[in-house]
Structure formats: structure tokens, C-alpha cells
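Okay, so chain A shows up in both of these, paired with chain B first and chain C after.
Take a look at the complex of A and B:
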């Protein structure tokens, strides 16, 4: 195991577990940002520079801001913090998650198809990605553009304040 | 255990942490964060398989992850808008208390 990956993986996992277990929502959001940054570094470590930077822009930038604003807008000041933050069926949830991990790990460790060495790192330039996006992937690109527009309009309409009595 | 195993195991662990969070926490925003963690674990799988594929010049994995990130961003925006809308209506973001469709 390369030491770089070991450090990044430990940091990312620790912050993911922290994000899921902190009691205060803002602490969870900050931990989540650390997780996303760690994942971006792992993408860079895997030689996918463009994806790493997109991860920083979209997740560390946009999604984190969205989450922080959502926390700000939905703050319960009336509720005391002693109320339980875990669902009633938390033990079942943990068991299900553990079972899922066990199944995945058994499948990964038992697979012979994964025994392969890394090939020579390919030169992935932004120019190549742009050319592919404009030629082979142009229809998916347009569909995603349409989806993002629809999602943006939908989000605005859903979150718009309901007028009383209308 | 070769590097590809490590990446896949790490991503499985991240997925399980996200799943555990989404299943055990009561706040809707934390459930959404758990879902985002699961999506990110899937993206990491794509990148790891792309890096260890015999033909990384094909860019398939990278393209898939770029589209997946775009869709995840749209999902987060709509999800948080729904949470804000639910909060206006029920004055709570606790998923256990939001238990009727017609309010």
C-alpha cells in the first residue's frame, strides 16, 4: 500500500465517519467537506486530474455551500439538543450497513479478475476530454445540460415560499 | 492484495459509512449527506477501474464520473429544496416526524 494512499484513505474515512456521527449539523457539514477534499486528492493520486478538480469545484464548492445554507434555513432553535439524533431502528441500520460491507468485501477479495497491474498512466489532457465531450459524448452532454436546467427550475419552484390563501 | 483491491475496499467502506448514516440519522440533511457519500464511493470505483483498465486512453470511466457528478449536483439541489420546503410545512427536518403525504 502506498503511503500516500494510506494517509488519504485514513483521513477520508475518519472524516466520513465523523460526518455521520457528529451531533451538530454544522460540524457534520465541515467533516463532509473534508471527506470530499480527500476524495479529490485520491482522484489526483489516481491520475484523474480533471475529475479531481471537478470534485473540488462541484462538491467542495457548490454542494457544501448548498448544505450549509440548508442547515442555516432549517435550524430548530426551539428544540433542545438533548433529543435523540438517531432513528429508532439505528441498530438495524448499522447491521444492514455492516452486512453490505461484508458482502462487498467478500466479493472484492474473492475475485480473481482484479489481479492486474496498473498500465502506464495515460496522458489525459483537458483537450482530449473536451474533444470527446463534443464528439462521442455530445448527446449525453446535451441531456445533462437539459437535466441541470430542469433541476434548477424545479429546485427554485419547490423551495419558493407558498403564498398564503392562494 | 494489489492496489485495485485496496481502492475497491476503501470505496466499499465509504459506501457502508454513507449507508449507515443514511439509515440511522434522523435529520434529513444528514440522510442526504449519507447519500452523497454513497454516490462518491461509486465514483471512486469508476475511477479506480478506469485507472487499472487495459485501455485507459478510452476515457470511459472519466466521462462516466463527470456525468455522474453533474447528476449528483442536480440531485443535491432538488433534495435540499425539498428539505427546505418540508421544513416550512412541518417546522422540522426530522424524517421520523414527517409521516404523512397530505399535510
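Take a look at the complex of A and C:
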């Protein structure tokens, strides 16, 4: 484990825990942004430049802003939220999480996939990603585009109805 | 001449070789950072002076003229004033977020400055996906604006922040889409390669800059409009509108934190102007073959200075837009135009294969028509039936 990875992982985990435990929703949203940036830095550290930068662009630039807007438009962001950060059944949650982790870890460690040598990492360029998106994955891409358009039209319609009701 | 052209690169190599090999990458990075901060710090100081002088002249005033010759030491006086001012934090403000907001702005902006090639071999960081990096860190600036507006606990601040975020999101689309046409033609996201693609001369004397092609010209204009909006410059300075919402998200900032915000905004303007120079104005390349002996960084900073002066001139000329005008301009005009521009760039790319007589002329005419016709029809459609008679001024002569 390189020191760079250790620092990034610690930052990501710490901000993720902070995002869960802050009393104010905006603080949680801001530390979630830090988590996203931490993840992006880990991608960059692993030499996945494109994924890392898109992570910043989409999550920090768009998703985080969307979350922040949603918080500001729906509730009084200056007050502490009344929800306890730790649910009463935290012990059960811990047990379930531990069990899931154990099962997954056992399955992965027991599988033969680990014996295979790691495949040579291909030089992934943006050009290659673009070509794949336009040829092999063109139908999934179009389906996602359609879904997003439908969601956007739906959002607009919901917003319009509210106006008429007044 | 090559020695002068590469003087900063050789200086850095010379300075770095004194250090043991282990720390050399660190020293090299540190030197680049120091050079960047020093250069853009001084450009910032000069720009504030030029801006106040030019705006003063535009408004029939003298501008700063007390400190030093022609008021040249005014930036220094301002800096001392900013540093010695009391740092006021509102009682109900969220202290931590209020404190962090200026840094959250300055860090992404200085990161964006790091990928721009300032001269031959003079890109501080040469990333394969430089364009993507630029926009990714630019997106982080929105978060800083929100932090400033929300933490001040002031209705004007939050209004300004909401306006700023809405504006930044709306204008980011035309900004990125007009960049895409360049990326399509060059076939690379690396800013260094984009400059190299423009480093040739058409017909032996015209520079091969993208701005001199139909799609490039349209892209440049779209990019500059969106860039002015992204960096909250007039006429898109609604988030800070002093006369309406008393400087928006900056209302509750004073002293050095205000200075940092100010610096961040100007650096943002320099960064986005630098990107415009790199994408459309040929970066560090010379405009004519007989001028190639001039060092490359001189060309870059001359073009950057020209764009900064253009921004100041626009600020002194145009009135502020209304928020609905701002939004409809972005979504109904800039966005469709930049989408059309992508198609034009594609036509330009494929028309390169034409092989009949005067093919390059026809290619030029076709692409210019493809840009001009939608521009005119959109303009007509947006103006609607309104007529704009010549204005008559009663008192001004």
C-alpha cells in the first residue's frame, strides 16, 4: 500500500463517515463532495485518468449540486435534522453488514479467479472509449439517453402541474 | 533564438539538477507552481489597474491616479489595505464553511491554470485529457460559490449563490460543446496536441488557427460568451450585482478572504481566456511566418492580454442582463448554436476528403453558410416582432 493511496483512502473514508454523522444536511452534502473527490483521486492514482476526471465532472459538478439544490429547496437547511445519525438497531445492522462482507470475502477468496494472472492492462484512451460507445455499446447508450430524457420531461411536467394548481 | 524561447525550461532544468535525484520531481513541480503563482499574481495586479483605468476612461473619469505614476502602485496599496482590514464573520454564519469557501474556490482555479501550455514545452502538467481536467476542476468552483452563499446566512448571499450556480450550470453546456468541435477536429483531448495542430500556416502566410475557420470562429464567439458568464463577468455579473443584491455571495466577506475571492475570480477569467487562446487562437504559435523568431511565451501572453482587455471593454460597454434573459439566451440561443457548430465541424472534417477543383473554397463556403443561416434565423426568432428603433438621448451629446 503506497502512502499516496493510504492518504486518499483515509480521506475518503473519513469524509464518508462524516457525511453520515453530521447533524446539518448541507454539511453532510459537502463532506459527500469530499468523498466523491477522494474516489476520483483514487481513480487518478490508479492511472484511470478518464474515469477519474468524469467522476469529478459528473459527481462533484452535477450530482452534488443537484443534492444541494434539493436540500435548499425542500427544507430549512439551517436547522439541525431531527433524525438520529445512529439508528436504534445499529447492532443488527452491524451483524448483517459483517455477514454480507464475510460471505462475499469467502466466495471471492475461494474462487479460482484469483489464481489467474492479472491481464495486461490495455492502454485505454478516450478515443477507444468513444469508439466502443459508438459501436459495441451504442444500444445501451441510446437506452440511457432515452431514460434520461424521459426523466427530464417527467420532472418538467411535475413542476408545471404544481404551478397550475395555484 | 531557440535559447531565448526555451529560457524558462532550461532555467528550471538547471535549477533542478542541483538536487538529489530522489527529490527532483518534487522540486520541479514546486518550481512550476511558484512560477505560475508569481506570474498570475502579477498579471492579476496589473489587470486590476488596467481595468480601473479603462473603466474610468470609458465612464469619463480618470481612474486611480494618486499612488505612484499613473496610479500604477494602486494594486499594492489595495493589497496592503485588504491585508490589514478586519476580518468580519457574521454571528450566525457557519464559521467553518465560511472560512473554507475562499480556499475551495482558489484551489480548483489554480489547478485549472496548471494544464495550459504557456509556450513550447511550457505546459506545467501535460495531461492526455487536459481539456477534460480543465472542465472537471472548473465544476468544483460551483461548490465554493454555494459554500460562500449558504454559510453567510444572509438572504442576498444565498440569492447570489443560487443565481451563480444556475448560471454556471447553464453556461457550462455551450462552453463544453463549443470546445468539443475543436476536440473533434484535432482528435485529442491534450491541450499540447491541440496547439501543435494549429502550428502551421495556410497558403504560406495565414496562421492555421481554428478561429480562422467557419466552425472555429463560431466556436470562439460561443466560447467567449459562455466564458464571460462562467467567470461572472459583466454583462453576466448577476450573481454579484452590486445594485440589486449587494455583491451576492461576497456580501459577508471582508479583508483577506474577500481578496482571495477576488483573486479566484480573476484567475478563473485568466484560466478560461488561456483555454480560449489554446483552443482557438493557436496558443503560443506566431500569427505570421516572419514572426516565428519571437519567443513562444510572448505570443501566448500577448493573446491572453488581448482577451483580458476585450473582457474589460465588454464590461464597460454592455449593461447587465436580466435573469430571464440570461437563461433564455443560454438555452434558446447558445445551446442550439453550439450543437449546430458540432455538426458544422463534422462536415468540415469530412469535406477535407473532397477532391474536385476548388474543393477547399467550396468547403469553406458551405461551412460558413451552415453557421450563418441558423445564426440569422435564431436571431430573428428571438427578437420576435419587437422592433428596436434608434435610441434618442436627451442629455448626452
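What to note about this one:
In the analysis below, the second predicted complex is superposed on the first by the 112 of 166 C-alpha atoms of A that agree within 3 Å, B and C clash if a C-alpha of one lies under 4 Å from a C-alpha of the other, contacts with A are read in each partner's own complex, and residues count from 1 in each chain.
One rule holds for everything that comes next: a contact is a pair of C-beta atoms (placed from the backbone, for glycine too) under 8 Å apart; a residue touches a chain by one contact, two chains touch by 3 or more.
In this text, all values refer to a predicted model and were calculated from it rather than measured experimentally.
In the superposed pair of complexes, A:153 makes contact with neither chain B nor chain C.
In the superposed model, A:26 lies in contact with chain C only, and not with chain B.
By the touch criterion stated above, A:137 is placed in contact with chain B alone, chain C being left untouched. Between chain B and chain C, B contacts the larger number of chain A residues.
When the shared chain is aligned, chain C comes close enough to touch A:60, but chain B does not.
Of the two partner chains, neither chain B nor chain C is touched by A:106. Of the two partner chains, chain B is the only one touched by A:70; chain C is not. Shared-chain residue A:127: touches chain C; no touch with chain B. In the superposition on chain A, A:50 makes contact with both chain B and chain C. Where the contact sets of chain A with chain B and with chain C meet, they give residues 50, 54, 62, 69.
Within the complex, the chain C residues that touch chain A are 97, 127-129, 132-133, 135-140, 142-143, 146-147, 150, 153, 158, 162, 165, 169, 172, 187, 189.
The residues of chain A lying in touch with chain B in their complex are 1-2, 5, 9, 12-13, 16-17, 19-21, 25, 28-29, 32, 35-36, 39, 42-43, 46-48, 50-51, 54-55, 58-59, 62-63, 66-67, 69-71, 73-74, 76, 84-90, 92-94, 96-98, 100-101, 104-105, 108-109, 114-119, 121-122, 124, 128-129, 132-133, 137, 140, 144, 147-148, 151-152, 154-156, 158-159, 161-162. Chain contact summary for the complex, chain B toward chain A: residues 1-10, 12-21, 23-27, 29-30, 32-34, 36-37, 40, 43-44, 47-48, 50-54, 56-57, 59, 61-63, 65-67, 69-78, 80-85, 87-88, 91-93, 95-96. Residues 26-27, 30, 33, 37, 40, 49-50, 53-54, 56-57, 60-62, 64-65, 68-69, 72, 77-78, 125-127 of chain A touch chain C in their complex.
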